[in-house]
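Each structure below is given as structure tokens.
Here come two complexes built around chain A, the first alongside chain B, the second alongside chain C.
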Partner chain A sequence: MNDLHPGKLGVADGIALVFGIVMPRVFLSTISNLIQQDGPILWLAMVIYTIIPLIVLYMMAYVHKGITGDIFMVCQRLIGTTGGWVILLSYSVMFLSNGALVLRLYSEYTLLTALPRVEFQMVIVWYAVSAGILCYLGIEALTRTSYIVMPFSIAAIGMILLLLVPFYIVYNLAPWQGNGVMQAVQTGIKGAGYNVGVLALVILAPAFQNTRTIKKAALYALSYAGMLRISFILVYTMVFGNAVGAEKTMPLFELARLVYLNQYLQRIEALFIIVWVMFGLLAVAGSLYVGLYLLAVLLKLPTLRPIVPLGAILIANLAMMPPDIGYVLEVDQKLITLFDVGIYVFPTLLFIMAWWKKRRGKLCTSASS
Partner chain B sequence: MGKRMISNLITGIKDVLVYQPPAQPTPFVLVETRREKEEIDGEFFPSAAVTEGIRELEFMVNYAKKLDAFMQKSSKDLKSKEKHEVVKKIKADFEMIQTEWKEIKKHTIKNHSIDGMYNNTVISTDINENQSMLESIYQLPLNKDVVIRSITISDQPKIKVLIVFMDGLIDKKIINMTLLEPLMFMKNIQEHVQGEDFISFVMEECLPSGQASRVGSFKEVQQAINTGDAVVFFDGSGEAVAVETKGYEHRSIGNPTTEQSVRGSQNAFTEVLRVNTALIRTMLHASDLVTEMLPIGSRGHSNCAVMYIKSIANEELVEEVKRRINGISTDIITDSGVLEHFIEDFPRNPFPQTLSTERPDRVAVHLSEGRVAIFIDGSPFGHILPVSFFTLMHSSDDFSLNLYYTNMLRLVRWLSALLSLLMPSLYLAISTFHQEAIPTELLLSIAAARAQVPFPTVVEILFMEFSFELIREGGLRIPGILGSTIGIVGALILGQTAVTAKIVSPIMVIVIALTGLASYSIPDYRLASAFRLSRFVFVLLAMSMGLIGVACGFLLFIAMLCSLKSFGMPYLAPLAPRTVNGGDTIFRSPAYHQKRRPDALNTKDEIRQKNTSRTWMTDSSKGGNDHE
Partner chain C sequence: MYIRLILGTMLLSMGIFLSGCNGARESEEVAYIVAIGIDKAEQEGMIKVTYQIAKPNVEGNKGEGEKDTVLISNSAVTIAESLNLLNSTTSLVPSMSHVKVLVVGQELAREGLANFWGSLKRYREYRGSMFVLVAKGTAKDFLEANKPSFNISASKYFETMLDSGIEAGYYLRVSFHQFYIRLKSNSAESYATFVDISSLSGKGDVATPRVSGSKIDGYVAGGIPLQGGNPIEFAGTAIFNGDKMVGILSTTETRMMAMLLGNFNNGFLSMEDPLVPKKFLNVNLRLGAAPKIKVALEEGHPVIDIKILLEGEITNLPSGINYEQESYLRLLEEQVNQVCHEEMANMIQHTQELKSDVIGFGYYIRPEFTNYQDYLQYPWCEEYSQAKVNITIGTKIRRTGLMIRTYPVK
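Coming up: the complex of A and B.
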């Protein structure tokens, strides 16, 4: 059996894969940046940029439906070999850069929160090696691990949000329109690229049972991620408000620090690190795997495993390139444009080509009769 | 032309640079649909035996040609009438051929000893040859264990018979009454003297033994003799009869020593294979409970029993188990643990991929779920496969105790497993890197306790863990009378003294003691050992990177478990991959709700019981008011 398509992944595996790739943003400073732009109506942006990738995925599922084979064969058939190479290389770059970015951000936040005296490169290498091992074990192990860890992680986040009930100030949600509904819509449209990880389902389509599995997995994964993000944003806004919330670099960590029940249940952010690290590792490993998978498909490699260490070294070096955290956050803002191309441009192009070819196919049939 | 050259060049470079994985057979996966199996390349023969075998065949062919030529010539000469000279010449030619045959025989006997045990030799029709073969195999007369009893069946014509058995393994009364007596008093055998019919006649009409079988090769002969059967050779017959005469001393059925239970059966397996299979049959009276015997070990000739319920167990699974056992090429296997190393998917992984048990009730339950059990002669442990991680956390009491208590115990077991794995590393990580997570008063108490200890926390942990392992290992080997001494020495003196001497802090003793107790609550000994090993890795990770290290380690630990398979079944089924829960994974549902067999086993019959398994609830009772 082809090592690149190891088995038949199911809905649960798909949910775990997508959730693992798209969710860790909630731990990073993305929320702080966005709340500055939109205000209390940021939740609407979240809804929009949950729905748009779902529509895009359904478009890609339609594209994949009539054509058997992997993503390269699909692109090759619709837009030719060169077009296929361009698209796959672009997606590979997107996923690898997402992996490198998340790796760098997590390493920075590790130094800030947990291990201030550890050498920076050591943290990067540590995460890269761990992600590399996860990738090496294969997509089945990766998705199943994510699936096992997911409920506990969600429960942990939910617990933190609930433990902060004494700190809720509902008035912080006002004015509910924030900086404007259209602003939120724009943010949502621009921010759809944050969920580019959903396309991993289409990229790894041969590893899944069928198209229905992919659609179901995408729906559930984005829904869970969306609900969690929206809940988080609402709680974050209620606890900190706009002005203070925009200053925090690690929103969820800051929320965790506030938790105080009694002298025995306080300062639980240290324990929260376990959840946070697992999320980050799964995101890096998932992005790395998809990026390397695309390269393997392009180069027609029989197996993925030998290039996993190379990929880990690649993203580790990429992650070490920016000089400081400020530059990293700037790169994060700019990369979203690249991800938007992956969400809007390529799927639309492929959808149009697929629709056109199917339509042409029908016309030819009726003409011949 | 140019394009073709370029593409050829690129292909050539790619062939050189790109890693090509080695061609391996597809690993066995227990799947729902039938798949075509890849053909395995031909059998393995040692090259020396192949060469010698070819040579031997050449000798035989040449000899056969010469014999044929001799027969033709003799026949022709005898037809001419010069009898005296002809007879003399024929005699001389025959003597020459006989001498040649003796040389070939010596050579072939020498060749058949390449594997050391004459496994390829067939039984000869000449009883003297069989006797000399047996003497070579069993190092007679040096070896006093093997007895060769030569008798003559008194009838016309007299037939020499050899009875061979291993003293100490047989029951002498059975030998005397079921072999010697009937054979010596055998009559009216003139019409059955030669050929195959003779063996059938003896087996069907002369030997009153309950079990008798034909054997045609010395491999089968050795197997029979070495396991306690007696083999009877008849002069003029190319087959022998193996008769069941086992009667060696063995331990009686006792209580389980490693899997004690409050309720449930108190029987345990013994070292005798047939006793073990019989114990299972006393619990599981299924007619299609099949016991297949597979010999393993070219020298040891141990018997391995593979048990399964034919109408339930997945056929591919059974075939795979048999394929793996038959594919073992080794001298001797004495223990089921050694056998496990040969057949499991990941022998280098410390986590067990089979369930080793000494309880027949557990085996019976797992057989009824569709699993396969294997036993080996000489080992009081049976192995059940395939198993998941969750199966290894079940204990035998779970089946017979109250549901709520069972589930409470299971929860305790799971928490203990986590504690056993993570407690020292979490303590190390939090006390070294993340002190803010500890409540202030406790933190001050720990700091005060550790103030005078000169070693870092990780050294304390490693020292105490090592001491604990020493006590445990010593406790296993210490004679029974002194058993309590090790408890006093280890627990009180070492622990107390170490704290008084400020080598370790008191809280460290508590942590290690709790961890040790937690590891003993894991039902499977090998799983507990794997957790103990993993604990050291977590301690090192915690020492390096605190909670980050522990989190990364735990994630990789789960990923490793997810990637494991037990005979094609994922190790974390039915959790990952998500399959139908049979009602007994982490927590146990009532027995009347467990309608399906474990989905991951892909059994032939998935339904264990009907939706309403307690039909008495729907039927009206005879003694009630609604009785007509």
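Coming up: the complex of A and C.
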């Protein structure tokens, strides 16, 4: 047990970690792009989008069951050192690029909604420094902060969805097949990569108590995130419909802005800016931590702390590279292919190798770190 | 130890320097716009924008006769440019984040709103919760003529005025969000509250004559026989086809529309006495349940089935006939059914003629399609004008007010 592998993280930590990494896209433009593709049946895509990562996580848990040690040791045992390097480097790139992308999008939306007069670089730096501090404090601090924030965030989003009841137009969910069931299934399969964050549990497996903890955490985290996402999609579709729903840059912010019950209960979105800023920070910090952890494992570093500032500077610079928001959204849509490799290709490869080796009785456990 | 000190210092300094207060402005430095009026300008291709700006130091503690707002108008090609020009005429920084109403002049509304509506939805200071009004004359005249009778601020006036629309159902509150989603939807057409300035002469101008059995005529704003008080009238509904205004529904038609939208809170209905037609009687009505609307396709054409349940309370019975008795009560309920049925049928026919499905029957036809593309290809706007409509009104007089029987006047 060391800095990297405290071995003390429980189910609650796991839930908070995964929830924090996979949820923030609800607040971003991903939903608007998807509703344009799928129409009123987008909720089905969200169901698939939630189930696939869960299956993948269980496959990875199976892989981990036979081999103790960190993720690099597992890969090394199954596909060799070079294969392990390729997989871990790829995952590191995925998490760091996800962190950079989320950092840029949250900075843009902070400028757009809350601080229009502040310099863009200042917001990026603020997010990066805060995420860096969270990472520096370690995985326990990160997951426990996330766990404290999580119930308030869920309650806040749930409250917005309920306060919008007067705006629901249930018929916006029809025609029920939307742009086609197959289209929704395709979106669900293709979009599952956005949930690559769930693999953080497997990647950080030695930091958790045992495999059962990981499975349980994944089940709860994805169920909560899935339920919230599906409810969100249903309400979003009912309130805005297809055409207007596809126009929105920030779906949750727009929903919160719409709350108007009477003269006294309105303009509540300012409160929710805090919620999504916290979500954004945790998502950036979570992605940064996992990305750096993978590098630390590869380079056999005893601790993560010295590379945290470098990592924060790296993602801040990456985030500042795209010239405009349109380009960022384009990159976001393209990155899904990379995330899909992370959610489908590597876990399937590792699963097949583990299954094959177990069948041939070649697998034996190595020393735990 | 040092690292904790550094982290603590960083967090503290971030809290101080990044709290957002560096971009803050004192309220007296900001021109809070309460209402925006948009009209067609005299110059070709330009619009006249009128801003009603709240005086921050007066709002809330206005003295007798003191105006709490200032009106400023300018002409520009776009609303954004008009705001730039506004900035050149006021020392305060204009802010649209507190705009309560958008008033559009009828002439501009009939030409189409698409050109400038989109920009409003994109800019963060405009909110979906602003209300949309269409003024019969110009928006500028409307805002100038608005002199609330009671000592309340302009923003509060608009808010309470539009909130109270549900009390009679003669005008409906329409938010910019509701207006906008209908602009982009194939299922319904947009509508807005219709407003005008009264001459205060006490002379009325009937827009829709009373139906048989009713004692009430339909008015539109500007036509209500009014004397005294604020000359501003909120009455009726401006209805659109796409982004263009195509007609106006009167007060009685708007009430039927409110029933179909499920927004009818309550309202008095004055009718002929079924047994003594020269006399009248009043019933306070409300919706007993949400309207049941079904739209089916028969040989490709829509058939609309409407079932409305109304609940009522007798509030006036000058004839002295004991309608409180069960046998007479049926007569009364039948009379309500007949009046509402005719008014509703007339209203729907009016919207069909104008090809403006402001009720949103198009939403109810969506389950008839399995695929969204098929639905988009269905020419609902055209089909609506030809749709067959079946209306069933059921009324239950639940209460008889504070009297259980009536003795005739000697």
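Keep this in mind: the second predicted complex is superposed on the first by the 359 of 369 C-alpha atoms of A that agree within 3 Å, B and C clash if a C-alpha of one lies under 4 Å from a C-alpha of the other, contacts with A are read in each partner's own complex, and residues count from 1 in each chain.
As a convention for this text, a residue touches a chain if its C-beta (ideal position, glycine included) is under 8 Å from a C-beta of that chain, and two chains touch if they have at least 3 such contacts.
All of these numbers come straight from a predicted model, not from anything done at the bench.
In the superposition on chain A, A:186 makes contact with neither chain B nor chain C.
In the superposed pair of complexes, A:274 makes contact with chain B only, with no contact to chain C. Judged by the touch definition given at the top, the superposed model places A:260 against chain C, while chain B stays out of reach.
In the overlay built on the shared chain, the residue A:114 is in contact with chain B and with chain C. Once chain A of one complex is fitted onto chain A of the other, the partner contacts of A:134 are limited to chain B, with no touch recorded for chain C.
By the touch criterion defined above, A:39 reaches chain C but does not reach chain B. Look at A:240: by the touch rule set out above, it reaches chain C but stays clear of chain B. Of the two partner chains placed around the shared chain by superposition, chain B is the only one that A:149 touches, whereas chain C remains out of contact.
Of the two partner chains, chain C is the only one touched by A:172; chain B is not. On chain A, the surface patch touched by chain B in one complex and by chain C in the other comprises residues 114-115, 118, 126, 130, 133, 263, 266-267.
Interface of chain B with chain A (complex): residues 18-21, 26, 29, 430, 433-434, 436-437, 439-441, 545-552, 554-556, 558-560, 562-563, 570, 572, 575-578. For chain A in complex with chain B, the touching residues are 1, 3, 7, 10, 12-13, 110, 114-115, 118, 123, 126-127, 130, 133-134, 137-138, 140-142, 144-145, 147-149, 263-264, 266-268, 270-271, 273-275, 277-278, 281-282, 299, 301-303, 306.
Contact residues on chain C toward chain A in their complex (touch as defined above): 7, 10-11, 14, 18, 20, 22-23, 121, 124, 127-129, 156, 159-160, 163, 175, 177, 180-181, 184-185, 187, 360, 363-364, 366-367, 369-375.
Considering their complex, residues 39-40, 112-118, 122, 126, 129-130, 133, 136, 167, 169, 171-172, 174-180, 240-244, 247, 254, 257-258, 260, 262-263, 266-267 of chain A touch chain C.
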